[in-house]
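Heads up, the next two complexes both have chain A, just with different partners, chain B and then chain C.
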Partner chain A sequence: MEKKLTSRWMNLGLQSLSILAALLFTTVVLLLSGAPPLQAYRQLIIGMVGSLDNVSNILVAWMPLLITTAGLLVTFAAGLWNIGIEGQITLGAVFTTWVLRSLQDSPMPAGIILALAILAGMLGGALWASLAGVLKTFGGVNEIFGGLGLNFVASALVLWLIYGPWRRPGVASLSGTVAFPERLSLPTLPNMSISLWSLLLGAISVAIIYILLRGTYIGLKLKAIGKNIRAAYILGVRTWQYMMLSFAVCGLFAGLAGAIQVTAVFHRLLPYITSGYGYLGLLVAMLANYQAILIAPITLFYAGLNIGGIQLPIALKLDSSLSGVLQGVLVLFVLLGEGVRQRFTRRA
Partner chain B sequence: MNFDLVIIGLAGVLVTAAPVVFAAIGETFAERSGVINLSVNGTIVLAAMVGFAVAVNTNSLILGYLSGMIVGAVIAWIVAFSSITLHQSQVAVGFVLTLTTLNLAYFLGNPYTSVQGPTLPSLPIPLLSQIPVLGALFFRADLMTYLSYVLIIGAWVWVFKTRPGLILQGIGERPAAAFVRGADVNRMRYIYTVLGGALVGLAGPVYSLGVKAGWKGTISGLDGIGWIALAITIFGGWNPIRAAFGAYLFALLQWLSLVVQPALPAIPGQVLQVAPFPLMILTLLLVNISDAEWVDRTLAALPERTRRIIARLLRAMHASPPASLGMPFEKE
Partner chain C sequence: MQIDLIDIHKSFGPVYANKGLNLTFSSGKIHGILGENGAGKSTLMKILSGFFKADRGEIHLDGKPVTIHSPADAIQYGIGMLHQDPLDFPPMPVLDNFLMGARGGLFPDRRRARKEFLDLSRQFGFDIDPANYVDALTVGERQQLEILRLLWLGVEVLILDEPTTGISAAQKKKLFITLRKLASEGKTIIFVSHKLEEVGELCDRVSVLRAGELVGEMNPPFDNNRLIAWMFGKPVVKQEQQRVQPGEDVIELRHVALEDYRLKMNDINVKVRSGEVIGLAGMEGSGQALFLRACAGLLRPVGGEILIHGESMTGQPYRSFLRRGVAYLPASRLEEGLVPGLTLMEHFSLIDGNRGLFINQKQAMETCNQRIQEFNIHGRATSPVESLSGGNQQRALLALLKNPLSLILLEHPTRGLDIESTIYIWSKLKARCRDGAAIIFISSDLEEILSYSDRILVFFSGQVSDPLESDSTTVEELGELIGGRGWQKVATSQE
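Entry: the complex of A and B
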């Protein structure tokens, strides 16, 4: 009992140390760049909570990141590194845009068009993820490299669409396709950018993933594969089918995130439609130690850093990538702290 | 297009491929020893930025190259320390590092965007550069390109023809056996990972002081090179010469996409530039596919002659990773 208590304190201590180390590192980086660190942190916080608009923008960024991370927990459960997640978000956005474009002049009610568009987005994400899955299970191509290649292909597809068949009348440019009419956006709260619908979709996604991984046989089998694929196979788990399933499920959520980027954030298709949430989601999943219960607060904080970072170039002429540095070193030091803890407990 | 232009273009391919050659061979060393350094993509970008900034401030190309190597070595050391000493997942740490170093490069590199800096001059080798065709192709480049030729041969000799190279293969394939025969597995892994990281880091300034001199932030064209280098390491079957061949193949494709661009005005340039990536997937597929069970079954159903031809082709393409790649070694 006492030992358990000390290890718990040690855990907490190491985690605080990791966070402190991450802040220290970021401070050194700021000093190196000749920027006043306290000023920079102050502006970062102002960028997060300085106005209602900023808070609302954080909530807007939170949902796609949260949904993406939720999906990633499924592939992580099966021991898969779904780096192709960026492409899966992209394809979700492409499919959603496609349906919106085809139906925007039809007499159908806007609600139905939106629902169809979002479903199409989910399908698009799942299809792209399945492609990485097929390469992995039937082609022996490591999902990291297959997924990565597919990411680049997906972004090329978007560029081709924006400059080609979907180009806006007049000059095609990196600012994307023509914006959709307002009735084809998820309805937002009055005077704010956040939509209750996207919050609802986020909450449902996390709930589904939590239940799937904690309370179902599917979740159990996925975890068995993740822990030891040979043992799972010998015990009768149909390994390749479940791996394909986990890719497809993750893709569904990534596609949903892409659909939200189109219908609730940008209202058009852009070259960088994912906002990097796929890669960021991988970081968050690691930081949360792959626990569904932890991803909501962490993604909220990370979305906050993303939005807060926008203030840096405005106020201090610094690059907003400082947020990315902080997001990364936090995970790095927490991983290192975890390694130190394991070393100690093994010796004890 | 006339013949001379083609030769000049191909010579350019050898120059632009040099960063990928350095990175892929560096990664080959690390992975041969059993450690995956997934941070390559971010490492190259950060090393390119640091190398350029140092060269601008000191007006010394040598210090620029050295600083890039140090950046790569330090990042590789973090990967080695967290995986060998702290037993954390190499993939996780490498991936975190690749994103963090990328952001770090963009943040710290901000003041150096579009600054004028020193550039590695071209250095035709006397006599050799006068050989018809071959001279123009190989010997009118710059020092770093020549160094990349030397590295390809040197690395191959080291891995396959020397005693330390034999031990290197051993610690990646069967670390326990190598340990019993007196090899300090973990120490060797540290050395090769850090050394490989330094080569990966060198790729950065080779780019930012030579191939495409300067620093332009997110549009430097560097982001993605590291991922290609990682894929080429696999495509190369952890063999330096085969890896170099892969690097040249990809550079050739990128050059070809530039050449055919004017003929296809409907396709934006950015689309053609990603052409190597589907090809990367395809080559990885060819390298790995003979591991899949359904391939054996399908082959067995084919007529004897076809079966034998396809099987031989697959075997020639096939490459398997060092058996203990990514796995920690613990002496009992």
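Entry: the complex of A and C
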């Protein structure tokens, strides 16, 4: 018991150390680029919580990231590296835009159109993810390579749509398709950018994933596959079927995130509609050690860094990518800390 | 080069592989090392070739103590090893493989290497195209390539670990000629094997290892009976066993042919009835594992037919075998049997066959605790399986077997377990037999095979013997068959 306690303290210590190291590293980067570090951090924090608007924007950015990460936990559980997540978000956005465009002039109530558009987005994400799954299970293509390839295809598809069939009348440009009328956005709180619907969808997503992975046979079988696919097979688990399922489920959530990007954040289809949440989600999942419970606070923090970074160019003429540096470095140092811990405990 | 191994100790966790070994190999001689599986032969050779580091002990080369840090280091000292499974690069051309490990700057002189490769090949009468890819070669040719490579690197000591498994008779003959030639040139040859015939034919001196210790050394002419006694240790005492009256046929193999990359087995014909226990004897890699996996539905026969309860299983997936009550318990418990990272309780939930979505945690806990008690597993429902001891992992695997079963296939069911666990596990298995299951198991422990089997199949280089009644079989007979002698009487299948 005592040993357990000390190891827990050691974990905590190492994690704090990792975070400190990440901050230190970022500070060095700041110093090298000639920026005052304390000022920069202050501005970052102001950018996060300086006004109600900023907080509301963080919540807006939080939901798609949270939902994406939740979905990724399912493929991670099965031991799969779903790098294709970006493409899955993109296809979600494309399917959602498609339904919105087709139905925007119909007499249907806006709520129904939105519901259909979101469902279509989820379907799109699931289809794209299943493609990666089919490539893996039937084509022997590693999901990392398959997913990466499909990501390129997805972004090419979006560009083609924006410059081609769905271009704005007159000017086709990188600023995306024509914005949808306001009634086709998820309704927001008065004078704020955040939608309760999007918060609700996020909460439901995390709850579903938590229960799926913790309390169901599906979750258990996915974990068995992820930890030892050979033994799972010999024990009678239908391995490839469940791997396909995990791709599809992850795709559903990625598609939902894409749908929210269209209906609650950008109100149109953009070339970079994913905001990089897919890759960021992969990082967060690692940082959270694949625990559903932990992804909510971490994604909130990461969304905060994203929004807070916007303040930097305005106040300090610094590039907003500083947030990205901090986000990436944080993951690296936490993983490094974990590596150190394992080496340490093996020795002991 | 003269090699002295002095007081070599090596253990892996609690298992001693080498316990104070003292051996001397002198140049110009072919030394045989005999011993059954797990005797410590491979470990010792891997220490000499820099693969492992000894826990204690010294290696002297020509009288000088040396420390060998890595295989590259060993080659610098002039020691090269031919591993049991060829350690080469199948997707690369022969010449690239040949160049592997050579020193010579950033840009190897391929033209010179090619010429020297061909010269060396000619010397030994090998015929390998340096432009060919390694995956197109036979195991024997890959071995020849490796020998050439090591010689080219200037090796004075050549270690061969079970080199004759998987190569043809003609290639074996050529290998032996090569080894004799090398010895006559003053090289030191160490030949690790379990095949008495070959050791007798080739070696100038034989050392026998058992359980990590040197039991004896012999110069020709070799007394095979004494060698066998050394290899297998004390005379085996057969225990009184209770037999189960056999019932109907559970599994039948008709003219089954099996193969993997190194072994081909043809025309296997076996019938096993319910209640029977069949022991599979033989050195590791002689075909018994292929046989067992084919019975489990994990390996597709390339010919013939497997019937379970009279029904042909040709083309059926593994799950159909499961549905018909076949269970397979692999030897590598944490690699193939259990899922490290999952708890005991999660394992029982995994196979409980419920069709619902949600796991009933309370019921799962009850089932699990009941099994833990019934199978006397020292562990808790929430213990991750990798935290259990080997014996308890094996009990857990047994506890995971469904009920009823018609055929239980086990690889080394009691390997690494103490006597108490062994007896316990066999009492559980015998109970399954009384319930009508047939058991087929692999073991390298002859005592276990003779004590618990009703009939025995012996495997040697892909050949399968006729079933031997365990009552009328002696440990000497088994030992000879395992070593490849006396097959005229019992062999039904030929390559």
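Going forward, the second predicted complex is superposed on the first by the 348 of 348 C-alpha atoms of A that agree within 3 Å, B and C clash if a C-alpha of one lies under 4 Å from a C-alpha of the other, contacts with A are read in each partner's own complex, and residues count from 1 in each chain.
The rule we apply is simple: contacts are C-beta pairs under 8 Å (C-beta built on N, C-alpha and C of every residue); 3 or more make two chains touch, one makes a residue touch a chain.
Model, not experiment: these values are computed from the prediction.
Engineer: After the chain A overlay, clash or fit between chain B and chain C?
Structural biologist: Aligned on chain A, chain C clashes with chain B.
Engineer: Considering only touches as defined above, state whether A:286 meets chain B (first), chain C (second), both or neither.
Structural biologist: A:286: touches chain B, not chain C.
Engineer: With both complexes overlaid on chain A, does A:175 touch chain B (first), chain C (second), both or neither?
Structural biologist: Neither chain B nor chain C is touched by A:175.
Engineer: Between chain B (first) and chain C (second), which, if any, makes contact with A:102: first, second, both or neither?
Structural biologist: A:102: touches no partner chain.
Engineer: Would you check which partner chain A:241 touches, where first means chain B only, second means chain C only, and both and neither mean what they say?
Structural biologist: After superposition on chain A, A:241 lies in contact with neither partner.
Engineer: Go through the superposed model and pick first if A:318 touches only chain B, second if only chain C, both, or neither.
Structural biologist: A:318 contacts chain B only, not chain C.
Engineer: Using the touch criterion from the header, give the chain among chain B and chain C with more contacted residues in chain A.
Structural biologist: B
Engineer: Check each of 4-12, 22-30 or 94-102 in chain C against chain B and return the one that clashes.
Structural biologist: None of the options clash except 94-102.
Engineer: State which residues of chain A lie in both footprints, the one left by chain B and the one left by chain C.
Structural biologist: On chain A, the chain B and chain C contacts do not overlap at all.
Engineer: Mind listing the chain C positions that touch chain A in their complex?
Structural biologist: So the residues of chain C touching chain A come out as 298, 318-319, 322, 328, 330, 335-342, 346-347, 349-351, 354, 356-359, 361, 400.
Engineer: In the complex, go through chain A and note every residue touching chain C.
Structural biologist: 215-218, 220-221, 223-224, 227-228, 230-238
Engineer: Where on chain B is chain A touching in the complex?
Structural biologist: 38, 78, 82, 85-88, 91-93, 95-97, 99-100, 102-104, 106-108, 110-111, 217, 224, 227, 230-231, 234, 266-268, 270-271, 274, 277-278, 280-281, 284-285, 288-292, 294
Engineer: State the interface residues of chain A toward chain B in the complex, per the touch definition above.
Structural biologist: Residues of chain A touching chain B: 29, 32-33, 81, 83, 135, 138-142, 144-146, 148-150, 152-153, 155-156, 159-160, 163-164, 279, 282-283, 286, 318-319, 321-325, 327-329, 331-332, 335-336, 338-340, 342-343.
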